[in-house]
Amino acid sequence: MALKLNQPEFEIERDTDKCISCQVCVRQCSNDVHEYDSEQDVIYSDSIKCVGCHRCESLCPAGALKIKEVKSQFRTNYNWTAEHLRNIYKQADSGGVILTGMGCDKPYAVYWDRILFNASQVTNPPIDPLREPMEIKTFIGRKPDNPVFEITGDPCARGVKLKTELYPQLELSTPIMFSAMSYGSISLNACKSLAAAASEFGTYYNTGEGGLHKDLYKYSMNTIVQVASGRFGVDVDYLEKGSAVEIKIGQGAKPGIGGHLPGEKVTGDISDTRMIPEGTDAISPAPHHDIYSIEDLAQLIYALKEATDWSKPVGVKVSAVHNIAPIASGIVRAGADFVSIDGLRGGTGAAPQVIRDNVGIPIELAIASVDDRLREEGIRHRASIIAAGSIRSSADIVKAIALGADAVYIGTAALVAMGCHLCQKCYTGKCNWGIATQDPYLTRRLNPEIGTRRLLNLLKGWSLEIKEMLGGVGINAIESLKGNREHLRGVGLSEKELAILGIKHAGEAW
Amino acid sequence: MEVKNYINRTSEITDYAIIGNSAAGLAAAESIRELDKTGKISILSEEDCRNYSKPLITYLMEGTVSLDKIHFKSKNFYRDNNIDIRLNTRVKSIDINKMSLTCGDGGRYRFKKLLISSGGKPIIPEIKAVCTCINNNCKSSKSNSFCSVNSKNYKDIEGIFTLATLSDALKIKNFIKKNNIREVSILGGGLIGLKSAEAFLEMGMSINIIELADRILTATFDEQASGIIEKRIISKGSNIYKNNTIEEIHVTGKKISGCGLKDGRKIECSLLIIAIGVTPDTGFIKNGALKVNRGIVVDKYMRTSAKNIYAAGDVAEARDILLGEKRCIAIWPLAVRQGSVAGINMAGGDKKYNGGFFMNSVEILDIPTISMGMTNITEEKGKNIEILKDFNPGKNTYKKVVIRDKKIIGVIMAGNIERAGIYAGLIQNEIDISSVKDNILREDFGIVNLPVDYKKHLVSGEGIEI
Amino acid sequence: MRERPGDNKMKKIYIQEEYCIGCRLCEIYCQVKHSKSKKIIKAFREEKHDILSRVLVEEIGYNSFAIQCRHCEDAPCVDACISGAMQKNKNTGVVICDGDKCVGCWSCIMVCPYGVIRRDVSSRKVASKCDLCVDEDIPECVKNCPNEALKFVEKDKNKEIQVKTKDGSQKLH
C-alpha cells in the first residue's frame, strides 16, 4: 500500500481524570473515531478520522472531551500554505475533485465587518421598540408603477383607499426567510423544522431543488417552491402548493456548475419526492437546457405565471458574479417579481472546493451595485431583492437592507441554529447532527420539535435586535431603511469599495 | 391479636366467610372490601398468627427476613379493611345447603358467600422407622420412647420436620441452633426441597438431597439445567442422591440418627426435612359436597360446583392454559390473582380468571434460575413441538425454549434470568412467535425482538406508548 | 382491575421511538441518580459496577428506544411479590420496591412482561427497577435526554403527542 500523506486535522483531548468510559462518544460518532477497549475499560480515539463536528464533546456527560484544531505544521511559507500542500496530497492519492461543504471559509474581506450602522442622538430622536410601534413587516413581490389612491374620508382607513390592483405579494412578519436547502442535501427532519418554524413565525422557507415532500404539504402557505435545472419534483401540484415560485439559475457556493446526487442516495422518499426512479443519479445540469438567453428566461417566467394563474410571485435566484448588476436588470425586465442573489459565502451540501472558494463576489458588493443599477434604470420597484450568502447576525441583516435588499435568506445560520458545527463534511452524508444526512441512524438525532423551537428562537431574537437597531436610529418601519445608505459608514475600506457600496467612510458626515 | 372462644352454639352471621389467611384469602378480602365497603368479612385461619407470607419462611430460617418483616400485607391490614380475623380456627365441615360452616372449637358461621382458600398440606410419605439404639437400651426407658415406632407417627421423631408453615420454620431454626446442626438431609429434590436447600446453603450448612428421579427439579428442569445446579451444589461439598429414596429412618433415643436409602446406603443425619410435595387441603369437605379432583374444581369466575361458594389458591383446581384443562398450580402469583378474581365476583363484580401456568424462581448458590410452563415435553400427538436450546459454558448460562405449534409453552433459564418475564408474557398471551424464532435464544432478547402486533398490544393503546 | 382513581392523571415516562438516538445517556444519568455520591465522575469511579440503571435501551438496526417500569395499573409484580416489598403507592401511583422487605426471590422478574426489573447483587440481593425519581420534579432520564425523546406526561397527553408526530404518513414500526 502506497504511503498515505494525509494528516489529522483535529486533536481529541480526553481528560482521563474525568472520562468515565460511558461510551456515549463511541456510540455517537459516525466517523468511528472513538473505540472502547473492554479489557482495560478505556476509550481510544483515532484523531485522523475526526472531522471536528463536536458531537462527542457536546454529549459527553463528564465534560471530558475537547476538540482542538491542531494541524501538523510545515515550514512557514506564505505562498505554499499548508492547505495547498494537503490538497495536492489528497488529489495525488485519489485523482478526484476535492469536495467540500458549507460556505467559503477563505480570508476574503467580509464587508459586513467593515460597515457600521448609525444611531440617532440629538437631531432625530431614537425610538424605544418595546414601547412604540415598530414595523418590520416586509412584502416580497412587484410593486405597482403608479399607485392610484382615492380620497374617501373614511377615518378607519385614514381617509384613503388604494385603487390600483396589487401584484401578488408574499407577506413576511420579519425580513428573514429560510434559504433553499433541498430534501436530499438535508434530512427530512431538518426540512420539517424549517417549514414549521417558518409557518409559526409568519415567514417562508424554500424547498430547494429536491421537490416537496408530502409531509410538508400542510405548510404550503409558507413554502417557496424552486424550479431548478433538474426540474425535480416539478408538476402541477408542486406549483399549486407553493406560495411563490423561484427559478434557480445559480447558487453562491458553486456559480456556473450544476449539482449531482449519487444514485445510491436516491432511494425511497428521495426518489418519490424528486420524481425520479430509485438508483438513478440526480443530476442538475449547469444551465437549464431550455434557458440559453434572457429571452428564454422571460419565457419560462411567464409560463410559470400562466401555470399558476398569475396568483403567485415568480422570481429568479442567481449567484453574485462579476456582472451581477446588468444580469439583475435583465432578470427584472424579463418579468421576475423578485431576484434572489446568493453571494460568494453562500453554503452548499457539496461543491468542488476550488469553485466554492474562488468563484463569485461578496453579497455586500452585489446588493449595493444591483440596487444602484435598478434605481438608475427606474425599475427598482418591479422586483424585490433578496440577499443571501452568509448572513450571520441581525446586524448583517440591517446592513443588507440598508444597502438595498428587501429581505434576506438565511441558510447556514439556520442550520447552525439546529446544531451544525460547520465541519464542512456535509458531502459525506455522515452528519452527526442529523442535518446533512439521510442515514436513518443519524436523522433521528434532529428532533423536529427541538429544531423548530431553536429556529423560532433565532428568528425571534434577531427580529427583536433588528427592531432595537431601527429604533436606535430613529426609524419605525423597515421600509424606511431600505436602500438608505446614509445610515451606513465604511471603516478601513478603499475609495473604490466605498464607491461601489455607495457609502461614506466613518467620520464623514453630511 | 384477638382470639374469640365460642362455647355457645349459636351461629355467627357473616356476609363473606374466607377460609385461609394467606395469599388467596387476603387478596380476596381486599378485592371484596374495594367493592363492598360495608359487608362483613370474616377470615378463619387455623394458624395462630396474623398474615405472613408462606414463601418467606425459608428466608426467615436463613435469616434474611426477621419475624417482624414476615407479613406481606401491612401491619394494620385487618383494621384498615375492617376484617374480622379469627385465628386458631380450623374449619371442620361445611353445610352447603344451610350455607354454614362448623369449626373445630364448635363455633358456627352462617355466610352469604364463602371462599375456600385453605391452601395445601405437605405430603407425608409412609416410611418405616427403625430403632438403632445400642443393645436396645431404649427398651428400658419410658414407654413413650420411639423405638418401637410404627410408620404413622415417625414424623413426631425429633429432628424430622416438614417445612410448610411459619411455626415449622421457627421450630427448625431453633432445633438447628440448639443442637448445633451443620448438615441437613432433604427428602425431595423438587421445588420445595430446593427452596429449603437454598436456605440451608445460605446458612452455610451442607445438604444431602435425596431424590427419586434421575435428577433434581425433574418436573421443571431438563437434564442440562439440573446438571448446572447439581454441579454447583456438589462443588460446595453437598451431596445429591439420585434415583433414590429413604426406606428407613434410623432412630436413636427420641432423635433421628440416620437414614437407610433404597440403594442400600446408609447416611447419618440429625435433621431431616420432608419436602416431597403438597396436596390441597380439602379434608374438611365431605365426599360429594363439592366437585373435588385433586383440588376443588372451579370455573373461570372461581366458582365451585356449589352456589355462592368459591375457591382460590393452592386448594383450587383452575384452568391451566398450557394443558388446556384444570389443574392445581400451587404458586403465589396465581393464588393472589385467583383470590382477587374470586373476591371481585363474590362482591358482585364480574371478572374472569384467564388461566395460568406453572412458573418458579429459585436461586441456588448464586445461580439464579427460572422455569415456566411445560419444559420437559418432547412430543405431543397432533402438535408440532420444537425445542430450542443454548448453553454457554463460559458464562455457565443455559436457556431453553419449548415451542408448540408456533407458541411458547415452556422456558428454562439458568445462570441469567434477565427479562425472563417477557417470555411469561408471550406464554400467557399465547403469541405466535414464528416470526421472531431466530432471536428467541439471544442473551439480550428483548421487547425490540417481539412480533410487531404483540409489541403494539403490550404497549397499550394504538400509539407507541412504550 | 383495581382502578385507582386518577390513574389516567398520573404522569408516566413515554418515549417517542423515532427520536431515540441510542446514546444511552438516560442509563448513565439513572445510574448517577441511584449512586451513593450522586456525582457522575465520583459515582463511576467508585461504584461503576454496583449501580444498576433502571432504564434499559434496546437497539435493533438503527432503531432504539428506552424502556423502564410502566407502573402498571394492575401490576403483576405486586401480585407476585411474596414479601409485600413491591407495592403501588395509593397516592402517587408509583410502584416501588422496598429494599428492606425485598428478599431477592425474583418472582417479580419472572412475571414482568416488559422485563424491566433487574437483579441487584451489589450488596443484599434485591430487585431493582424504576422509581420514577419520586423526589424530583422530572425524572433524571427525561431531563437528560439530549434529543427530548423521553417525555413525562399523562397518558392522554402522550397519545396526542404520538398522533401529532405521526403526520398521518408514518407507519408504525
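Per-chain numbering from 1; labels A, B and C assigned in written order.
Everything below uses one rule, namely that a contact is a pair of C-beta atoms (placed from the backbone, for glycine too) under 8 Å apart; a residue touches a chain by one contact, two chains touch by 3 or more.
All of these numbers come straight from a predicted model, not from anything done at the bench.
K.L.:
Would you mind naming the chains that touch chain A and likewise touch chain C?
P.N.:
none
K.L.:
So, comparing each chain's Cα centre against the centre of all protein Cα atoms, which one is closest?
P.N.:
C
K.L.:
Using only Cα atoms to place each chain's centre, name the chain farthest from chain A.
P.N.:
Max centre-to-centre separation from chain A belongs to B.
K.L.:
Find the geometric centre of each of chain A and chain C from their Cα atoms only, then give the gap between the two centres in Å, rounded to an integer.
P.N.:
Centre-to-centre distance between chain A and chain C: 43 Å.
K.L.:
In whole angstrom, how far does the Cα centroid of chain A sit from the Cα centroid of chain B?
P.N.:
72
K.L.:
Rounded to a whole Å, what is the gap between the Cα centroids of chain B and chain C?
P.N.:
31
K.L.:
In chain C, what residues contact two or more other chains?
P.N.:
As it turns out, chain C has residues touching two or more other chains at 16.
K.L.:
Touching chain B in the complex: which residues of chain C?
P.N.:
These residues of chain C touch chain B: 1-2, 14-17, 56, 58-60, 63-65, 67, 76, 79-84, 100-101, 103-115, 117-119, 121, 124-125, 155, 158-159, 162-163, 172-173.
K.L.:
What part of chain C is in contact with chain A in the complex they form?
P.N.:
Against chain A, the touching part of chain C is residues 16, 18-25, 28-29, 40-41, 44-45, 48, 62, 144, 146-149, 165, 167, 169.
K.L.:
If you look only at chain A, which of its residues touch chain C in the complex?
P.N.:
These residues of chain A touch chain C: 17-18, 20-24, 27-28, 58-59, 61-62, 214-215, 439-441, 444-445, 447-450.
K.L.:
What residues of chain B sit close enough to touch chain C in their complex?
P.N.:
27, 31, 34, 53, 55-56, 59, 64-65, 69, 71-74, 332-333, 336-337, 340, 344, 351, 359-361, 363, 366, 368, 370, 372, 417-422, 424-425, 428, 444, 446-449, 452, 455-456, 458, 461-466
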